[in-house]
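Sharing a structure with you now.
By written order: A, B, C and D. Residues from 1 in each chain.
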Amino acid sequence: MAGNSIGQSFRVTTFGESHGEALGCIIDGMPSGIPITEDDIQSELNRRRPGSSHYTTKRRELDKIKILSGMFQGKTTGTPIGLLVKNEDHRSQDYNQIKDLFRPGHADYTYQKKYGFRDYRGGGRSSARETVMRVAAGAIAKKFLKIKYNIQICAYLSQMGDIVCDSKNLDFIDKNPFFCPDPDKLDSLDLLIRTLKKEKDSIGAKIRILVKNVPVGLGEPVFDRLDADLAHALMSINAVKAIEVGDGFAVINQKGSFHRDEIDKNGFKTNHSGGMLGGISTGQEIILNIAMKPTSSIQKPCNTIDRFGNEVKIITKGRHDPCVGIRAIPIAESMVAIVLMDHILRNYYYHENK
Amino acid sequence: MAGNSIGQSFRVTTFGESHGEALGCIIDGMPSGIPITEDDIQSELNRRRPGSSHYTTKRRELDKIKILSGMFQGKTTGTPIGLLVKNEDHRSQDYNQIKDLFRPGHADYTYQKKYGFRDYRGGGRSSARETVMRVAAGAIAKKFLKIKYNIQICAYLSQMGDIVCDSKNLDFIDKNPFFCPDPDKLDSLDLLIRTLKKEKDSIGAKIRILVKNVPVGLGEPVFDRLDADLAHALMSINAVKAIEVGDGFAVINQKGSFHRDEIDKNGFKTNHSGGMLGGISTGQEIILNIAMKPTSSIQKPCNTIDRFGNEVKIITKGRHDPCVGIRAIPIAESMVAIVLMDHILRNYYYHENK
Amino acid sequence: MAGNSIGQSFRVTTFGESHGEALGCIIDGMPSGIPITEDDIQSELNRRRPGSSHYTTKRRELDKIKILSGMFQGKTTGTPIGLLVKNEDHRSQDYNQIKDLFRPGHADYTYQKKYGFRDYRGGGRSSARETVMRVAAGAIAKKFLKIKYNIQICAYLSQMGDIVCDSKNLDFIDKNPFFCPDPDKLDSLDLLIRTLKKEKDSIGAKIRILVKNVPVGLGEPVFDRLDADLAHALMSINAVKAIEVGDGFAVINQKGSFHRDEIDKNGFKTNHSGGMLGGISTGQEIILNIAMKPTSSIQKPCNTIDRFGNEVKIITKGRHDPCVGIRAIPIAESMVAIVLMDHILRNYYYHENK
Amino acid sequence: MAGNSIGQSFRVTTFGESHGEALGCIIDGMPSGIPITEDDIQSELNRRRPGSSHYTTKRRELDKIKILSGMFQGKTTGTPIGLLVKNEDHRSQDYNQIKDLFRPGHADYTYQKKYGFRDYRGGGRSSARETVMRVAAGAIAKKFLKIKYNIQICAYLSQMGDIVCDSKNLDFIDKNPFFCPDPDKLDSLDLLIRTLKKEKDSIGAKIRILVKNVPVGLGEPVFDRLDADLAHALMSINAVKAIEVGDGFAVINQKGSFHRDEIDKNGFKTNHSGGMLGGISTGQEIILNIAMKPTSSIQKPCNTIDRFGNEVKIITKGRHDPCVGIRAIPIAESMVAIVLMDHILRNYYYHENK
């Protein structure tokens, strides 16, 4: 039944619904003595915050983080860290008219069928609002990874619809509301979002995630492999429908003589593997791609049924993102940070017995 | 450290190396009263067995399964099931010459760096031979799923190199050594394998997995979602580099009005989601794709280093598959069966409180 | 590292320190559709609340519970339940003078040595204040157990110092501040506490826990046995030093012909086992005893060292209970409730497949 | 459902029934590079082996251990270790006559009620024969603890019936079949066992467990405390009915000024706590006591019912120990070793970041 924890040595457990009182999480296993401030977390939350640009949902949430425990004199104590964000701008009345309807593409149907009862306000627990706490926990993991290992996790928008952003100007990513690394694509992206808004429609996206300075040796085969745990963590994000490691689906048409990454005295000569072999990090850059589906929360009417089986037309009101792929970028980074943090702690015996 | 278990309520733990004494597993959480025979398991093992056709490795292993516990009078007792397969045809001397070398594309490098020491014979634990026990455990899960829910899991080769097998003649899958659903593609596949053998090279593959009769309601959001657990289980298979659920990467260029699966009184009208919404099964067919990399175990020489850092040329001897994607098909089915079994048990409260 | 969760299907994770902002927990795995109110929890919290009588610590905390998630329209939704209690009356300045000292009998020494750094205010995480959230989570478990199975968990003070309370007038337990079942012992208990206060000393206690209406079949041998999980949960309470199941230590001098509980058509004729055989509940009353050590927080001076190794005299100020065994009673009940709840959910397949 | 694993970073999973083919286990999380031989395990197994003296059961089992994986060139590889012992001397026909009866004091009733079906031969999974694998896994943990930390775990018979063995001549323990530290009590013990055999009865026992050289800092509060995990592990042994840490039940009548262990520059002056404070090891000796019930497998007739509810007389045949407390001594040591091993690995970050 329980399913709201991730990680083993570094374990994140979250709670909270879209229109409930608050969102919160407990971070258990954080080492002591690490300096963390609310600002460290807030700055990451601000990156995914709704209402931060007109490309995303108009819901305005301050997402003000509060650290409730696990800290003393500015440093972590090794005890669990409790985090809280209050919900402010929840217009629950928007949802009364859909309380008995199943919005296509949403989890309304499956939650109703599983639990026999559901909080229909804004999708309840199935709302992407839940990811606030993923980002908050990820911020703490990122800080540790940065301080102790100089690990850098960077995700960006690599495709939206048919607009491919393949430049790798990583410095530009945080300087535009699309998290796009290619300055030349901003106009096209802007136009696409405007068009979708007019059409009351949405679009999918591809996100690329790169991780530098990963120590060699992370991952616990054969089931708790690093790649498997990353796949789990990324697929647990709402709207993710596909994951690639390294060359991903391109391997189908590759030959072994091409794909295997040869080695010389300077290290690996290529990185088709994406930084993991046998489920263990090689020390190279970790390379991942994910695909985000277009949000189903659009104002274009469609067909559905109510929970009594009657056919009805539905228009999803509320305030939503035309491309959830944009705001998913800090979320994807956070999930990667949480997994790496967990595996660093799990690997500590080997890390120190070198 | 520990990482060789998968599942929570139905938990599979495996051991064994390519050239060790034996491979084994413990299946913990199997309900009592289910009729299981060694033949149920053996027939699945035979599907992945090496040496079964000239399209796969020439290593000949009987893979004779032995049930050691958990059964009485032909039925499961609810206690853990111990399974054992002895290794027979291990020519360990093939590997002496590579004991200090890192075969590119293999886990030699990462195991050496992580553990400081490794069983170099045939890749040791990182060998695909480990998957024997995944298939054995999967056979038991499949039997339960079939008896109790009539769940049918079917995987097939949907692409090898650039040969796409898109016919869906599922009955044909088990009638050819490629697990290919399209009779018209057998000649091309045969030619491709022959060519690769001559070239001493290998090729990647795409596998499609379909699951029918899945009950609605499986999956425990937000982290132990069914899609996330499937991604974990599939990515834990050696050589898997990518996973798609439903429309997968195609969603990048889809609009929300297209992707969302509308509903009428007969149920969902389409299945772009691949049978899960919000991480919970919808009751529709589950649709998954995975990409398998080309094996690195080829006899074409390449560059590498030894564990002392010296540059050397290496030729991987031993007996290997030109396309590991073929034998991975029963393995993929097994991992899906194990995950579904686990989630059915985890969901039992709701299953029965309807 | 992570160690602040208990349970598998019903999992409780807590955070919070004695003098931090707040205490909180996440209850994951709670079935949907169960009516729960803040009053259900508050009434249990009030039973363990400090300042409720002059027999316990004078620290005054309202311990006002707030449910933050997992509820809708008065019923659980099946999603995680977030709970919060703010700390109000924390006089942290009481602790400045001991910030570098190790109070004998407390966890100051071990926290300092383990984490290299500690929140010294009131013991930080090692304070019994952490148990607020055990009681809150236990209240929710108790409600489910009561509604669905009519399970009744009752703990009482069975001994304090050499005062044995062996009457079993269970109705009287909640009518006196000692949770004592024997009206004739109140005067002695009162006198003992007064004497201890004068002596600036404390005393140990024995608590007996009885559980009625437990379904037969709970427990997952051989490691997740019900008795083993109960022992784990009870020993995790601060100050518990011993646990007995059924006849406990008396079995050392019992013969097999006496101890084994014979059966006739009306069921078991005796209950030496304490309601479990082979780690599985028999359906009889579960009988447990625990021993609580005398609190070390007393104002009698003693010898210790500071964290630099210098010998010093120490007097523990702050406000403390002369017998922590009194307030531990609702805590013990809660831990038993949490374990039973977890095992009921874990056993659901068998519960329903009868 | 699954319940046959113990430990998190060092995880032991077992299988096997009294009269099945074999007993086995998987040890997952064992660090690499540790020299282990089958003799290391065999010598521990021989200490608990049935038929080793006339004070224990006459069942004769060689309990010949076989290591199947996880080793290479005499050292552990970091991959899971598979262990196997075949059952040899199982006289299953002894049990045909009790196949429908519930032996009082055994788990027959609870297994039947839980699983609806049971392997009645020798108690099946509920037999103490299952503990062979606990001792095998414990032997491996002990070896690591000895080599890396010089940790020494010593258990002995401290009481049988009313014979108290309070001398602490630990060197004598392994020199007599009772694991008794007091040479003066051998005659009394011998006489008691002979008398019980004549009476066809059995007796309980108390075992004391001492652990030297435990590093300070082991244990993960607030639930995965070291004392709580030890209580769990010890209570999971068949026939254990009570556990004490340090002064145990004696604390009920102790005062705080007596119990708290004062500290001076040479360390703790006393050890009432039993080597743990706040659930974390202090570095002092760990002191534990457990009580073992008298075995119910005696040939004295008693009353029971069959699985159809009919009242019957039953005599338990088979070959059994008059005092299971004797053979439980190496088992208790093993469980403690497994828990310490797990906590050492879980604590590695702090161990190395000192």
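Before moving on, here are some points about what is shown:
The rule is short, and it goes like this: contacts are C-beta pairs under 8 Å (C-beta built on N, C-alpha and C of every residue); 3 or more make two chains touch, one makes a residue touch a chain.
What you see is a predicted model; the values in this text were computed from it and never measured.
Ranked by distance of CA centroids from subunit C, the top chain is B. Looking at C-D alongside A-D, one finds more C-beta pairs in contact between the chains of C-D. Taking each chain's centre as the mean of its C-alpha atoms, subunit C lies 27 Å from subunit D. Distance between chain centres (mean CA atoms), subunit A to subunit C: 38 Å.
Centroids built from CA atoms put subunit D at 45 Å from subunit A. Multi-chain contact residues of subunit B, defined as those touching 2 or more other chains: 1-5, 8-9, 14, 31-33, 78-79, 114-116, 125, 221, 345-346, 349-350, 353.
Against subunit A, in their complex, subunit B makes its touches with residues 1-6, 14, 102, 104-107, 109-111, 113-116, 125-126, 130, 159-162, 196, 201-206, 216-217, 219-225, 227-236, 238, 241-265, 269, 273-274, 276-283, 291-298, 300, 302-305, 309-311, 346-347, 349-350, 353-354. Residues of subunit B touching subunit D in their complex: 1-5, 7-11, 13-17, 20-26, 28-33, 66-70, 72, 75, 77-82, 84, 114-119, 121, 124-125, 345. Residues 8-9, 31-33, 78-79, 221, 345-346, 348-353 of subunit A are the ones touching subunit D in the complex.
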